[in-house]
Amino acid sequence: MFEVSELSKHFGGVAAVDNVSFSVDKGEIFSIMGPNGAGKTTVLNLISRFYDVDVGTIRFAGQDITRVSPHEIASIGIARTFQNIELFERETVLQNLLIAHYIHRQTNVLSDFLFLPHVRRQEVKFRKEAEDIIDLLHLQRYREQRIHALPFGVRKLVELARALCLKPKLLLLDEPSSGLNPEETEDLSFWIEDINKDLGITILMVEHDMNLIGHLSNRVLALSSGRSIALGTPIEVKDHPDVIRAYLGT
Amino acid sequence: METFFQLLISGIAQGCVYGLVALGFVLIYKATEMVNFAQGDMMMLGAFFTITLINDLNWEYFPAIIAAILAMGVVGLFLERVLFRRMIGESPFAVLMVTIGLGYVLRSVAGMIWGHNPLSIETPYTDIRLHFGTVVLPAADVVVVAATVVLCALTYLFFRYTRFGVAMQATSQNQLAAYYAGIPVKRVVAASWALAAAIAAIAGILLIPLKSAYPEVGLVLGIKAFAAAIVGGFGSLPGAMIGGLVIGLVEIFTKYGIDGRVGFSVSDTSVYVLILVMLIVRPSGIFTSTQRKKV
Amino acid sequence: MRFVLKTDYHHDVDIFRDRVQLGWYAALIIFVLSLPIFWGTYLESQLTLVFLWSIAGAGLMILVGYTGLISLGHAAFLSVGAYTHAIFLDLGVPPFTSIPLAMLLCSALGVIVSIAALRMTGIYLAIATLAFAMIVEKILKNWSSVTGGNTGFKVASPELFGWELNSTLYYYVCLLVLMVVMLCVTNLLRAPTGRTFLAVRDSEISAQATGINLIKTKTLAFAVSAALTGLAGALLAHQMHYLFPDSFNLFTSIKLLMLVIIGGLGSMWGVIFGAIFMTLLPDLIATLREWLPDFIGNLPGLEPFTFGLILILFLIFEPQGISGRWQKIRLFIGQFPLYRKRTFRRQKSFLRTERVH
C-alpha cells in the first residue's frame, strides 16, 4: 500500500539518501535501521515532505505523493512523530490533541466565528475522540498540563497520541525509543503493538534499538551511508554480513 | 556631470552613516540574535556626548571624540548588564520590544538634557571644500567616507586576527557550543554591546556635520539603517556596509532625479518600497543564506 | 479556590466555567452600562476610547498573541479604516455599508501584507509591516485630492438610521461593538480555526505535520486582525473629528504593541487591561506632574519616558503582562498559604541558534 522507489536526496555534494526502494504492506510494522548518519530520518522527512525529493517517487494507496505539500500529507492518511519531539509547547495535552483534529473539521471560518450549533456538536465530538486516545495511552493525569512541564517520556507519548488523533492509515515513528529508559521502552513496544493490531494502523518506524526492532517488526530495511544494504526479517538482517560491517566498521 | 559626482559622494557619505549604524545592528544580532531597535538612538547619544564635550566643556576635537566613543562603550556595557543580560533566552520579539522601550527612554532623556533644538559643532574640517577638477566636494562628506573605510578595515582585522574577534564569531554561530568550548559567552556578549555602542558613537560623530543633532535624529535614521542591514542580509558585516551605500544612493538619486519631476516626495517612500521589495523577493538578503530548522 | 465538577464534554466547550463566573460577567456588564449615569463626560469619552483601543488591540492580539506574528505597522490599518469610513460617509454611504467596506479594504490590505509574511518570520516581518505602514502614511499625505492631505479630513458626526448619536449613545454603540468583537474572537479561539493560530505560533513544523496549511492560516490571521483594527479605526474617526495622515503613525503602532504586551500576550482580558492602562496612563502622569517637584514635573519628555520605562519593566519582570499578574494574584489568594513562586518559574538557557551560516 505504500511504496518508495529509487528515492535519492543530496545535500550539497553529499548523498543523504541514495537510490533507496522499499514497500510497506498493509497492517505491517516495517522498520528502518542503520548507524548514525545513514539517512534514516531523511527518508521520513522526504515521505512527510519536509524535504523535496531529488529523484524517485513515493506512492501511497495508489496515489503519487512525491510532490504534494507538507500539510496535505496528514489528510492523505500519513501521520508522524519526531525524533526530538515537536509539540505545541505552550498548550495543554488536551489542546495538542484537539489541534490535531483540524483535518477532520466540517466547519468553516464563518461558522467558527459565530460558534453555530454544529460547531459546538463538532467540538464535543472532537473532545470525545481525544478522550478515547487519552484513555488508550493512559494520559488522563496529564490532560490539563502544559507540555513544557512534562517529563520527556510523557511528551513522547503525547506526540504519539497527537499522531493518532489524525486517524492515520500509516504512522511514521522517528526513533520512538530515543531518550526513554528500558522500562518506558518496554511500555512503548506494547503500545506500538496495540496500535498496529487493535487500530489496524500500518507502521513505518526508524529505530536503532535492535531489541525493539526484533520484537516488533515484520520486516527490516538496513541503511548505511544512504544506501540500502539489506532487507528481510529482523533475524536475516541482523546477521547479514554487510549490516555487521556497517555497524562494526571494516 | 559635476552634479552627478556631488550627488554620488553625498549619497555615499550618507550611506556610510547608515552602514555604520547597520554595522552595530548586525554586530549585536550576530553575537546575541537580538535586534537592537535603539541603535539609532545610541548614535544620537554619542553625537550629544561629543557636542557637550566640545561646546560646553571646551575640549579639543580629537580628545573629545575619543572620550565620547569610550563613554558610549561604557553605556553599551551598562545597558547589557542592566537590561539585555536579563533577556538572554527570551523571545526575539520581547527583546525587540525592550529596545523599542529603550529608544523611548533615550530620546526623552536626551530631550530633557539637551532640548529639542538641533545642535552642531565646529569640526577641524567645517567649511572646507575640496576641489577635484571641476567637482567641488564638502570635506565633511569625504571625511565620513575615509573614516568608514578605516573603521571597516579595523573591524575586519579585529574579527580575522584577534582571539577575541574569533571568540565573538564563534559565539555568534552557536552560543551553547561556544560556551562548551570554554568561551566566556557573557563577557563576549557584553563586549559586543560595547563595540556596537562605540560604533554608534562614531556614526553619530560623523553625522553631526552632515545633519546636526537632535533627540529624534536616530529614529528615522535607525529605520533606514535597519533597511540597510536587511538589504545586506542580517548576518553579514560587509553586507551591512554595502546595504547602507545602496540605501544612501537610492535615497539621494530618487530625491534629485524623480521628486522634482512628479511634484511630490518619492524619496521619502523609496527606501520603504526598497525594503518591502527586498523582503519579498529575497528575504535572506544579498549576502547570506539561511536554512530552515532541522527535524 | 472553587472546584468545578465537569460531568459533560459541553463544559469544556462553554465560554464560562460555571454560573458563578457567568454571574460575575453579567455584573460587570451592568456596571459598565450604568457608568454614564454617574460619571462626567470626560470619563465617558475616555472609556469610549478604552473600548475602541480594546477592539484594535483584539485585532493585534490575534496576530501577535495568538499567531505569533509581529506587526510594527498596525497603525496603517487604523488609518485606512478611519479614512475609508470617513470618505464613504462623505459620499453619502450609510454607516452600515461604509464600516463593512472599510473592514473589507483593511483585510484585503492585510492579505497583501501577509504575502510578505509567508516568506519570513519574526524581525523581518516586523520591519516589512513597518515599511508598509510608512508607505501608507506617505500615500495618505500625497493623495490630497481624496484624503485632503495635510489639511486634514473632516469626519461626519456619527449617525444611526438618521439619528445623530450624542456621546453617551456613542459610548453604548462602542461598548456593544466591543462585546460582539470579544464574543466572536473568543468563539474563533475555541473552534478549529482559532486552534490553527495557536499551532502556528507554537511550532510551524508540528502544525504542518498535523495538516495545517501555514499559508492559509497566516493569511487568515492577518485578514481578521486587519479587519478588526480597521473597524476600530472607523469608529475612532468619529472620536477624532478630523483625520490627518500622521494621526496614526509609527508611535501608534508601537502604542498598540505596548497595549497587548502590557495587557498580557495570549489573553483577551489582557487586551482590555492593556487598553485601560494605555488610555489612563497619560491622565495619571498629568496628575503626577502636579505632585512632583517642579524641575521634574515640568519636563516635557516625561510621558514617553514613562511609557518606555514601564514597557521595559513589564518585559523584564512580568512578560505575561497585567493579565498574567492577575492570574498569579488570583492563584495566590486561592491557594493561600500554599502558593509557591516556583509554579511560574521558567527555565532560561543560552541560545541554541537555528541559523545556519
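Each chain carries a letter (A, B and C) given by its place in the written order, and its residues are counted from 1.
Convention: a residue touches a chain if its C-beta (ideal position, glycine included) is under 8 Å from a C-beta of that chain, and two chains touch if they have at least 3 such contacts.
The shown structure was predicted, so the numbers you read here are calculated from the model rather than taken from an experiment.
Novice: Going by the contact definition above, tell me which chain pair has the most C-beta pairs touching.
Specialist: B-C
Novice: Looking at C-alpha means, what's the farthest chain from chain A?
Specialist: So the chain farthest away from chain A turns out to be B.
Novice: Per the centroid of Cα atoms for each chain, what is the distance between chain A and chain C, given in Å?
Specialist: That gives a centre separation of 40 Å.
Novice: For chain B versus chain C, what separation do you get between their C-alpha means, in angstrom?
Specialist: Comparing mean C-alpha positions, chain C is 32 Å from chain B.
Novice: Counting in whole Å, what is the centre-to-centre distance of chain A and chain B, each centre being its mean C-alpha position?
Specialist: Computed value for the inter-centroid distance: 48 Å.
Novice: Mind pulling the residue numbers of chain B that touch at least two other chains?
Specialist: Residues 295 of chain B each touch two or more of the other chains.
Novice: Of all the residues in chain A, which ones touch at least 2 other chains?
Specialist: Each of 50, 82, 86 in chain A touches at least two other chains.
Novice: By the touch rule stated above, which residues of chain C touch at least two different other chains?
Specialist: Correct list: 205.
Novice: Okay, in this complex, where on chain C does chain A touch?
Specialist: Where chain C meets chain A, its residues are 9-10, 12-13, 184, 187-188, 190-196, 198-199, 201-203, 205-214, 220, 266.
Novice: Which residues of chain A touch chain C in the complex?
Specialist: These residues of chain A touch chain C: 48, 50, 69-75, 79-80, 82, 86-91, 94-95, 98-103, 105, 107-109, 112-115, 119-120, 122-124, 126-128, 131, 162, 166.
Novice: Can you list the residues on chain C that touch chain B in the complex?
Specialist: 64, 70, 115-116, 119-120, 122-124, 126-128, 130-132, 134-135, 138-139, 142, 205, 250, 254, 257-258, 261, 299-305, 307-312, 315-316, 319, 348-357
Novice: Within the complex, which stretch of chain B touches chain C?
Specialist: Residues 32-33, 35, 83, 86-90, 92-94, 96-98, 100-105, 107-109, 111-112, 116, 173-176, 179, 185, 215, 219, 223, 226-227, 230, 234-235, 264-265, 268-269, 272-273, 275-276, 279-280, 283, 288-291, 293, 295.
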